[in-house]
Amino acid sequence: MNKNEFAPTPPMGWNSYDYYDTAVNEEQIKQNAKYMAANLKEFGWEYIVVDIEWYAYDAGSKREQYQYIPFGKVEMDEYSRLLPCPERFPSSVNGKGFRPLADYIHSLGLKFGIHIMRGIPREAAHKHSKILGCDVTANEIANPYNICFWNPDMYGLETEKRGAQEYYNSLFALYSEWGVDFIKCDDICRMDMPSAKKEIKMLHQAIQNCKRPIVLSLSPGPALIEEASYYEGYANMWRITDDFWDDWKYLYQMFERCETWQSHVAKGCYPDCDMLPLGYIGKGFGKERYTSFTKEEQITMMTLWCIFRSPLMLGANLTKLDDWTKKLITNKKVLKLLSDSHKARQIRRTDTQAVWFSSDTKESIGYLAVFNLKESKQNIMIEANDLGLKSFQDLPFEELWSEETSIGTGLSFEAHVYGHGAKLYRIEI
Amino acid sequence: MNKNEFAPTPPMGWNSYDYYDTAVNEEQIKQNAKYMAANLKEFGWEYIVVDIEWYAYDAGSKREQYQYIPFGKVEMDEYSRLLPCPERFPSSVNGKGFRPLADYIHSLGLKFGIHIMRGIPREAAHKHSKILGCDVTANEIANPYNICFWNPDMYGLETEKRGAQEYYNSLFALYSEWGVDFIKCDDICRMDMPSAKKEIKMLHQAIQNCKRPIVLSLSPGPALIEEASYYEGYANMWRITDDFWDDWKYLYQMFERCETWQSHVAKGCYPDCDMLPLGYIGKGFGKERYTSFTKEEQITMMTLWCIFRSPLMLGANLTKLDDWTKKLITNKKVLKLLSDSHKARQIRRTDTQAVWFSSDTKESIGYLAVFNLKESKQNIMIEANDLGLKSFQDLPFEELWSEETSIGTGLSFEAHVYGHGAKLYRIEI
Amino acid sequence: MNKNEFAPTPPMGWNSYDYYDTAVNEEQIKQNAKYMAANLKEFGWEYIVVDIEWYAYDAGSKREQYQYIPFGKVEMDEYSRLLPCPERFPSSVNGKGFRPLADYIHSLGLKFGIHIMRGIPREAAHKHSKILGCDVTANEIANPYNICFWNPDMYGLETEKRGAQEYYNSLFALYSEWGVDFIKCDDICRMDMPSAKKEIKMLHQAIQNCKRPIVLSLSPGPALIEEASYYEGYANMWRITDDFWDDWKYLYQMFERCETWQSHVAKGCYPDCDMLPLGYIGKGFGKERYTSFTKEEQITMMTLWCIFRSPLMLGANLTKLDDWTKKLITNKKVLKLLSDSHKARQIRRTDTQAVWFSSDTKESIGYLAVFNLKESKQNIMIEANDLGLKSFQDLPFEELWSEETSIGTGLSFEAHVYGHGAKLYRIEI
Amino acid sequence: MNKNEFAPTPPMGWNSYDYYDTAVNEEQIKQNAKYMAANLKEFGWEYIVVDIEWYAYDAGSKREQYQYIPFGKVEMDEYSRLLPCPERFPSSVNGKGFRPLADYIHSLGLKFGIHIMRGIPREAAHKHSKILGCDVTANEIANPYNICFWNPDMYGLETEKRGAQEYYNSLFALYSEWGVDFIKCDDICRMDMPSAKKEIKMLHQAIQNCKRPIVLSLSPGPALIEEASYYEGYANMWRITDDFWDDWKYLYQMFERCETWQSHVAKGCYPDCDMLPLGYIGKGFGKERYTSFTKEEQITMMTLWCIFRSPLMLGANLTKLDDWTKKLITNKKVLKLLSDSHKARQIRRTDTQAVWFSSDTKESIGYLAVFNLKESKQNIMIEANDLGLKSFQDLPFEELWSEETSIGTGLSFEAHVYGHGAKLYRIEI
């Protein structure tokens, strides 16, 4: 199996984290999935991803003190494998795990993903639990010094020990039985523990072994640019930032990150700008809100993610989606960049503006994205020459958010862009 | 209680680590104590210290793989307090803990010390064990991200939470009941976890609370010189190096460390050069040997430790002590520097030599230590002026290792010193 | 010559920098000296120090662009030695250098100091100028990679090359001829260039060679605490901070610095808290102002500097000194701490308060300084026990700023201190 | 002008540094050029590059002390521009500069390159020399704190000041007059001074302004991978290592560097593995020698450089070139990879082996490079699957160094490779 075939274009979907934090339950997942199937699927949205802590009984119950409660009760099988908490995911009882929920998602024509933490549960190590198909026990492959710095659930693996790869194999065998299509593995992408790099490869190997084409997504960022070819070899997407939220300073910083990673976007290989904090978000965090991004900033975000070809994962509670947001995320001509554009390049970046250009893989089309990084409106000039064109004369332009069309003239082109906003032009060349 | 009164001169004793590693048992402790009482006590040696892992059942049993076995079985009471492993310390059965062994040591006229790790047992946190005299449980005060980087037994404390100081208080209440005179607390001196600095103060507070004058020794080093006054405020001794062993390179480095700390030696406050790897050592590490230090190097070590006024802790298996070593550690005139000298200052240090000078607190005596840091013999010149003296003319000199005496002449003095060796002169001034 | 005898108590004086920046001239120096002789000398103030750039013709002339103008014209003799700019110091013409000005200062009963930069003028290196008494030229001992990071005038020395020590010797021979009593050497104390440590020793050696007891002051800080004994060996005072100005945040930070250095104050050895930005300052910087410190903050500063025994160097334009400031700096009982107290120790420091205690060397007097680090008033409790006293019962107290007296009662004492203020008690014990 | 057109394939040439160090002269340049024209030109070798210090009179004369003599005499015009030292480059007299030598090189059908240091001569700044076409002087645009850490000749520019871009423009106007085709700019690629990044763009701008298609090469490395797109925007080649020499450890490290940079090789954009230390080298360094690389290591180097598509710059004294080396650098089928292959990817890298694969841009040809990183011979297995091929069955193989041909069988292929050696297969697919 060639892992690049698992995701021939950047994955598009929904993730429970931005709205529900650690506390999402089965019914909520189903409601969001239902909405997606009915309203978004036709535009390419297809993944439903259950994020962190689905195995924890008390997740979210002490939110003022902890995001991740230490030493809390978790659901685990005899082979050191975490299972969905049955109180939160009732269909998982009697060892059925996520199989029933995955079946439901699949019945809607969608795909099913889950989040995991790198390593093996600390509880399994302290209990000396078994590893499936192997005579070693969890304490023998858990490294007591190899911990995540923000989540207390796991120990990293002793990657060179017998039983370590077997443990990951046993996890993916289970996920394959369940029908999982997408794994977001956390505490691994930044490689801040020495074993993390090796564990990426072990996850890849476990996917190959399980024979199911499971997309592998790595978190959290920033990923290390000097390891670009390593990520490309073993994963489908990797976060190039720490958690992204609805604050202009993070969006501003993303321009530098995309510049850094621009030549590393390829089939099955996607530097990941993180989830889209659109619509209603933040409830599980105790501050439910409509996204703090202005409309212009939302357009900027969508434009950058699409021309760069980041995966798109919605953070909004879909059951509360408003018309404006829905329209924003269902613009077919914009979303087409994900599947049909390539070779996106940053043409220019200063403190106040950024310009990107890419082209269609099938037609003679150029895509020009012009970003205003200032708070106030400005006119931004682009030379045909900067885009490798002789002239703009007589070229048909369409701005894809406003659907306004025009005809180019001369050697340069001026875009009028609102503060923190963007324009995305489709140019026939 | 003024903690500086607990150790008015640098502590002198024996520690189980250098010979037995993690695996010492009650009988071995007793044998070494017996030897000390019979042979060394009269020279000032008095502490018997049981080093790390006395609570672990399997300590030392997988030595080729681990020094500290992760997730191994430990003896612990219902209040999250570690107890001696009864298989290794039979007198500790039925909750008697170290009380019988301490009684025995005291009956020999000696003092009893034990090693502890900063924090609370990981097992207690995962089991939600109780804390004595407090309604919180171990999971509430254990910080899952605050671990030691080389020992897997403990979690550091949530120092700001209710129950944390109470836990340390409960430990020292127990140690006080047992009759412990000396605590060597590990994973704390280097302050490489943010809570460690606070935990030093909490230990001090727990000693004050327990009403027993327990000497507090902090490990491992190097201690932070910029925190000198903090150590001085709360501890009696603090390691200024990482583990010290019988290799010239470590001894050579100690000269720089002593230079750094020279003005911080005071009553009850001792920068600690670590244990003396003399005689037979290394058995528990799988490489029993007679110290690799040459005789000259041993003299250098003893001279530096004594003029600097480091605590002296013997690493040798005392039951196998040879005459040469015994003589080395029972030179009364040399040991007198520990109790009666002060204001030791490094006069000079180059790549090839070091010179120290101090004076007696009671008599008009100067102590001059001359170290040859080269491999080959050299003559080292000292100017009277360098020592704050007008002249050496007519001053009586005694070299304290050889007991040779002479009379000074003129403004300078030349010491003939063997490679890696030292001379220690007592000068009547 | 024992350099510790050059400054048996912390030097007290005035420095041109805080008011005049780089642009002070002879007349201004004389006016400030005259004021000192008439008004402050009797209280112990005695040094008049000409700070940086006295050799530069255009110093201060492009202040909006540069503090130190690169490649500007300087006065230099044929032996690569900088001389006073004759346009600014008219008495220096015809090679007389600072001799006439020093004579004048001495005639007032004061002492004369100047600032120098570590190294040799870049211009001398590029011109291949001579070195006095030596056949090497400046280019041979200037290290083109060894520069100061904030001043463009000099190259550091090739300390191992013949001619380097000779150059420093030639400088101090000249300073000795001029009658210089105090050298503030800059770009050296922080040891941020590899040669700086060696150059400190070379300066010391040059002073010994010149036979004049010139006090050696090292700048800028922070000095390295791990090099404490090195500074003690070769210099009289060393800055423990970067430049200090009239802003509470710097004053607040000084408490930590003094804590760090508290055990390193001794005869002839003074960790230096930097100049006192009192009265009118800042003119050369283009922002002349009356110090921004509140009166309480000024009292805090004076109290800390005095109990810690920092050198005291006034930054104020003395010719504009107001009565309040004059009174602040001429409190005899407070200034007495500089000469007659010792063993100052920080007793306590939290985010909101600090307590120091020291004692008189001659009488049975304790000095207790209580600092309120909060903005608002607070009562601060001190236990007799914390100061090593059994009780405060019946002890006579005098607060040295207010001159209020009282009699102690019981085991504790409460100081009422204004926000950012201090109390300094003299206690007969 | 599109700078990517200046070097449509990786530049191939010769550089004076590896053999002559700083001391090459005109006659030596000509002799090497003559050899290239007669023997190597037909294989694609075309650049003749005069490396560092061509403007210095005394370059190489104090080699035991300095590689770069500080404050030495240099040839400079009135506009702060360095000129060839006429004693070393006689044809440059009377202001003719490198024009006569460039003409000669061009007459041989070759191209001419020179080395420059970032910035402006220190001497110009200290002399306040003029800048062409501008009323500012060198002291105004030289930054006295912005120096190279290994060469003492220059100050970096005040890039934001008027006159800075004008100075670079004046340099390239001169180089264009001379007929320079290639500039290797030093002290810039690693961006270890804050201005260096900006100066790269300024050099690019100066080339655009001068209207001559001058190839821009940046030194020294390692270049910063996170700045990949910046180098791609403004330069033609950038060093991905520090200086490379004939020692296996450097060659071994290059595999990691090439892995890091593999996706950044494109038309006009070449990550640069540095010069090839082949044949006779090292004379100017005082250790003339035949390359210390074994023949196998030389094959490894050439194979890696060619499949990766690094520029190729010969370090050998061409006038002493032996037959073996000549054959090594004139293998047409190997050199064809530089011009006709693309998308080279590292397939595997372990401590002991590395495998790369690329393909021809014009024909259905795959290139497989197999490297043995161990000292002893080994057989290295490659799966067809790893290269994206279904099978090797019936595919014609040619090993390009030995010219041995074979026919593939089955799903895997085994390469027998000598210690530190390589095989390079051309496979018809």
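We just call them A, B, C and D in the order they show up, numbering each chain from 1.
The rule is short, and it goes like this: a residue touches a chain if its C-beta (ideal position, glycine included) is under 8 Å from a C-beta of that chain, and two chains touch if they have at least 3 such contacts.
Note that the coordinates shown come from a computational prediction; the quantities given were computed from them, not determined experimentally.
If you lay the C-alpha trace of subunit B over that of subunit C, the rotation comes to 180 degrees, to the nearest 5. Homomeric contact subunit A/subunit D is classed as same-residue, with over half of its interface positions used by both copies. A centroid comparison over C-alpha atoms places B as the chain most distant from subunit D.
The geometric centre of subunit A is 40 Å away from that of subunit D, both derived from CA atoms. Rounded to a whole number, the gap between the C-alpha centres of subunit A and subunit C is 58 angstrom. With centres set at the average Cα position, the gap from subunit A to subunit B is 53 Å. Among the residues of subunit C, none is found touching two or more other chains.
Arrangement of the chains shown, judged by which pairs touch: one closed cycle in which each chain has exactly two touching partners. Checking each pair of chains for touch leaves A-B, A-D, B-C, C-D. Against subunit B, in their complex, subunit C makes its touches with residues 2, 225-226, 228-229, 232, 259-260, 262-264, 345-346, 388. Residues 70-71, 122-123, 125-126, 128, 139, 142-145, 147, 149-150, 152 of subunit D touch subunit C in their complex.
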